[in-house]
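Okay, so subunit A shows up in both of these, paired with subunit B first and subunit C after.
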Partner chain A sequence: MAVRPVAADAGPKPVFKRPSLRERIKSSRTAWLYIAPAALIMLFVTLFPYIYQLFMAFTDYRVRNLRFNLLNPETWARYAPPFVGLDNFVRILTNQLTIENYDFWRLLLFNITWTVANIVFHVALGVLIALVLNSKTVLLRRVYRALFVLPWAMPGYVAALTWRNMYDDRFGAINQLFGVINRLIGTSFPTDTRWFVISEPPIGGLLSFLPLAFYAVLLANIWLGWPFMSVVATGALQSIPKELYEAASIDGASGWQQLRKVTLPLIRPAMVPAIMLGTIWTFNQFSVIYFISQGNPFGRTEILITQAYKLVAEQRLYGVAAAFSIVVFFILLSFTLINNRVTRATEAYDV
Partner chain B sequence: MKGYSVELKDLVKVYGGEHGDPRVGAVNGINLGIHPGEFFTLLGPSGCGKTTTLRLVGGFETPTSGEVYIEGQAMSHVPPYNRPVNTVFQNYALFPHLTVAQNVAFGLAIKRVDKKEQERRVQEALEMVRLPDVGKRKPAQLSGGQQQRVALARALINEPSVLLLDEPLGALDLKLRKAMQIELKQLQKEVGITFIYVTHDQEEALTMSDRIAVMAEGSIIQVGDPVGIYEQPATRFVANFIGESNFIEGVLGGTGSDGAVVEVGAERALIRPDAEPWPAGTEVTVCVRPEKLMLYPPATECNGLSGTVREVIYIGTDTEFVVELANGVRAVARLQNIDGRGLGEFAVGDAVRVGWAMWDAHTLED
Partner chain C sequence: MSKKLKGVLRQIAIQLFLLLVTAMVLFPILWVVSLALDPRDIDKPLELRLIPPGASLQSFRKVLFEPFNLLCRDPSNPATCMKFGGLLRNSLLVALGTSLLAVVLGSTAAYAFSRFRFIGRQAGMLFFIVMIMLPTTGLLAPLYVLLSQIRIGSEPLRASLFGLVVAYSSGFLPFAIWNLKGYFDTVPKELEEAALIDGASVTGTFVKIILPLSVPALAVTVLNSFMTGWTEFILAWTFLDNPSRFTLAMALRSMQGQFATPWSEFAAMSILMSLPIVILFFLLQRYIVSGLTIGGVKG
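== the complex of A and B ==
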């Protein structure tokens, strides 16, 4: 046998080979065993409904199709929903649904307006109140801080129903409050406003598509939404070292300049993700719209998600509703992607 | 009185007392005069009130009583931004969302200095701290030492006449710390302004300062230049806090031409005479640094005391001998390992004479 000459750098260099998927699964078998039960449950509880909904969105799924059972082949022929391709989506986007006052683009416009208006108020109010309560001179600030989490501690629909009652035209707290004010200082505010019936817009011009009911639900949702922003802002504020303010004040920055040049830029990294979350929640704020205005008057305070619900609850149009939620999903997805691009939400400062 | 850059008069600061918080006396009546252009260090253990004193000078705290004068002006009603003072914070306190240049320019931007002028002065300041090329970076992209220099530039650009530095090198590693100590000192000479420097690191204080005030529990124990503080600590606390010391109790005898006599048990030794000597017969504590002690064979004629070696500890550059003196006090002598002098010459159990030069021993106030 000849001895192979060994040159200094001859022969194949050792290459690090990534282990194949099989090898990797094999080497982490125990780990897989541990997560298998949870993964299985997740598969059925979360993933399966998604996939099924996706399937429904491309069919004309109605009440009779509820008998369709994947596990029972006898039901397949009779009850399988007919495949309709993109028909549901086309009908949604071109307003070919047989429900009253349906106009997809008006709904979308309203939904966006609703979201923007809410977020503006939530953030402005939340940050403002966080700033006020962050100053040590405010008495009882612990009490306030505890109080403002209250809207959170309540289940959303309970809060919504309470507001619904407050807006009652005859017995509601709001109209009664106007009555009390009238009696106390002699003003003559109307005390029987039918908040969700009046279709006359309170503000004309560009905003004339917003009925009085919009402002009513907006108020209710501001009450519900600002504490979240305030809690996030408070956390961010408390993590700003006081030396930064001292450094700024040595350099002659006034309180207002410190707010603009130090506080706001430094709470921004915390606020951006909060705003994104808040936007998604508000865009799909079902309980406030559904329980308080119920879309009145004439569906003009309907948002996409409540409309989707009505498609099921009133019309049993399961397929269309499924397609509807997929549309909503893509709207929010594109919002998130654009927002990520624009604000680089992940950017944070090392303080 | 006149001519001080910063003067503290009977300065007292008590924290708390409101809302049932316990009252904490952080500064208990400090009197101090700091000269213009001086590198003045407040040195003391944690919690002794150094930061509080500095914050009183900077105007971030108001004194409970007493007064801060800067350039002869009483400061009690002057807000921080109107004092000719700037601060370098321990954690740098750079604005994380601004670039280095914007950080340095912060004060100028607030004062609406012309943009061109701002740029020029920022560049100048960054060059002064030897960081001419980092203007466009964010603070997080700099090392700790670089951030510290940016903080320095940001303070200096406002041309204060007093710069306050609160443990500015505390977060740096030892090597960088040493380098920055030298640089800071040089910088201070260049700009010629008063530095009030806080540290709890005695070596740092000794190497950098023109004068040092040693603090404990809100009071100043001793003020002096590094040599004075080290060679002649006034109290046990100072002697122990700065370096190590031996304390030997004795009774004062007479003062002769070759030094003051102190009687320790049956022995007598000479020490440096005090400027205002106590009367003979006073019980005193004599303080001698370990490195000033020499060991000799027992019969040697020299100024010092007799004892027995109890421990020998080799520590590389030196060897430490723990010697039990005749009166039971254990004294530590530290001999440099040169010429076989420390090592091997004496062993545990040997009788020795512990000697010192008269000038190297002195009495303490307490």
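== the complex of A and C ==
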């Protein structure tokens, strides 16, 4: 398996001779002792379920099979799920699931669009605002900095439920805000938009696969996500030595040139891993989609992870859901591998 | 144009921009606050007002002291319904338990990965990165099966708060170990070597040198794992059967009615649930960037 790039140990090679296996086992003992408590709990509660999930992915696991107990041979014959080979995977990829509005490739396309759009806005807004607040002459910058982390500090779960209510068509704050704007400046925006019902795309052409609900959840997730990028960018900005700017301005670099040639290259090492982490988080951003749009209209704002959850919670197709998670994992893995090639990002984690 | 005038104009432009951002950041928060203060407990909030007429803390009182009539063992008997105190106790137990396990197990394992070269190290690190990427939703069913089969006394581990703590912390550990290891890597090895030469034990250097120097990363671990336990909803909703074990996150979700949302109470509850997290966040804020390994610029 081509996993070498994610292998974390990219440290300097030891100069001394490789010790014998016996010595290595001996010196490993302390390390294993330290790992044992975490390893024990993870073996049982993380690794075992993952392996079990792998097994489930190749079976037609349903509600009745929940009684199947590996440790209890009496249950084997009666409740063992039937082995179906790659059938679950084939059904997932060729859209043969009995779920309404299911289309794997549309889900994938939407999931990627959702992730890219979010990350672009998070990073652009985050860096822009960090830059603005980095200038010492700006008044009240401490106040702004404190206020701007609020969306990040608020529990994401509570924020998602709040946004869901803000988009309520009659009692939500968004439609009422349009009402206030209409009264103030005499415009006539609709004030009864049903954000998650309208299926007519607001922007046609290439973007016509995105319903209005997409922009609504995007806005909510931008609200939630940009402060994190901004804080990371702020930290990186503060670590840039002032001398570099002085040197640049002596050489006659304009503000714009300083930004492009000094600032952006120097915050890049901090931003790249943040973007990578942000991408994985956003790709799997469950609560915003699940609690706000619920995949509406017609499953067109569903992402892979919410679909996987619905397979478990609503359809109770455990085998299919397990296969689904594995598909999602391979998508993320290939993303990480490609990203690693491009940026060598994970290597930065190891000394 | 004089330099001073230019500076003033620039300041005004920047302030206008920042005020706009502030308005957008605060809008949802202020909306929730104004709903929570509304004494009419309106089921149809139809206007935007920062301070509603006759603002009061009534909805807070209601949330804090009256039973939640959707979380009852016996729906016909209000005495069996959960109150805020009980929910808070459960949430605190779960959140504190999760963060304790995450910090203790996470930091010891991360220490080994950072400081020792041992058999299985590379495989271990790879395993964590894989875990961080694997979506956990697929685990719902296997975890349910597994935790149902382990019994504490007469009931399955699944239905207990301890079961939730174990599930949350093990789900959180890969990230915690990975992040803590990244941070421990930045602590200079020379400090420990000096201590070891002076006769300190490995455990001694870990506790007295590594841990005190890694407060930021530990703070991030505490904050995030506490938050997981405090706000997680899906596993709790699937695993717990007995309402006396229910958590605040479950109560908040139950208030989001299909047909009628008790707006003021929902808002008051949101605020009560967010406050501890926001306070914890601001207390630990100076550590948060540096404590995420990604904040440390390594180039």
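Just so it is clear, the second predicted complex is superposed on the first by the 309 of 351 C-alpha atoms of A that agree within 3 Å, B and C clash if a C-alpha of one lies under 4 Å from a C-alpha of the other, contacts with A are read in each partner's own complex, and residues count from 1 in each chain.
By our rule, a contact is a pair of C-beta atoms (placed from the backbone, for glycine too) under 8 Å apart; a residue touches a chain by one contact, two chains touch by 3 or more.
Note that the structure is predicted; figures quoted are calculated from it, not measured.
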Since both structures carry subunit A, what do subunit B and subunit C do when superposed there: clash or fit?
-> fit
Using the superposition on chain A described above, determine whether A:243 touches subunit B (first), subunit C (second), both, or neither.
-> first
Comparison of subunit B and subunit C by subunit A residues contacted | C
Just subunit B (first), just subunit C (second), both, or neither: which does A:159 touch?
-> second
Based on the superposed arrangement, let me know which partner A:90 touches: subunit B (first), subunit C (second), both, or neither?
-> neither
First (subunit B), second (subunit C), both or neither: which does A:253 touch?
-> first
Now for A:28: first (subunit B), second (subunit C), both, or neither, which partner does it touch?
-> second
Is A:46 in contact with subunit B, with subunit C, with both, or with neither (first, second, both, neither)?
-> second
Smallest separation in Å between any Cα of subunit B and any Cα of subunit C in the superposed model?
-> 9
Just which bits of subunit A does subunit B share with subunit C as contact spots?
-> 349-351
Hey, which residues of subunit A end up touching subunit C in the complex?
-> 3, 6-9, 14, 24-25, 27-28, 30-35, 37-39, 41-42, 44-50, 52-53, 56, 61, 66, 68-69, 71, 129, 132-133, 135, 137-140, 144, 146-159, 161-166, 168, 170-171, 173, 176-177, 179-180, 223, 231-232, 234-236, 239, 269-270, 273-274, 277, 280, 284, 286, 304-305, 308-309, 312-313, 318, 321-322, 324-326, 328-329, 332-333, 336, 346, 348-351
Within their complex, subunit B touches subunit A through residues 58, 60, 79-81, 85-87, 89, 91, 93-97, 106-107, 110-111, 138-140, 154-155, 158
What part of subunit A is in contact with subunit B in the complex they form?
-> 241, 243-244, 246-253, 257, 261-262, 265-266, 268, 349-351
Would you tell me which residues of subunit C are touching subunit A in their complex?
-> 7, 11, 14-15, 17-18, 21-22, 24-29, 31-32, 44-48, 101, 104-106, 108-109, 111-113, 115-122, 124-127, 129-135, 137-147, 149, 166-167, 169-171, 173-174, 177-178, 181-182, 185-186, 202, 206, 227, 230-234, 238, 249, 252-253, 256, 261, 263, 266, 270, 273-274, 277-278, 281-282, 285, 288-290, 292-299
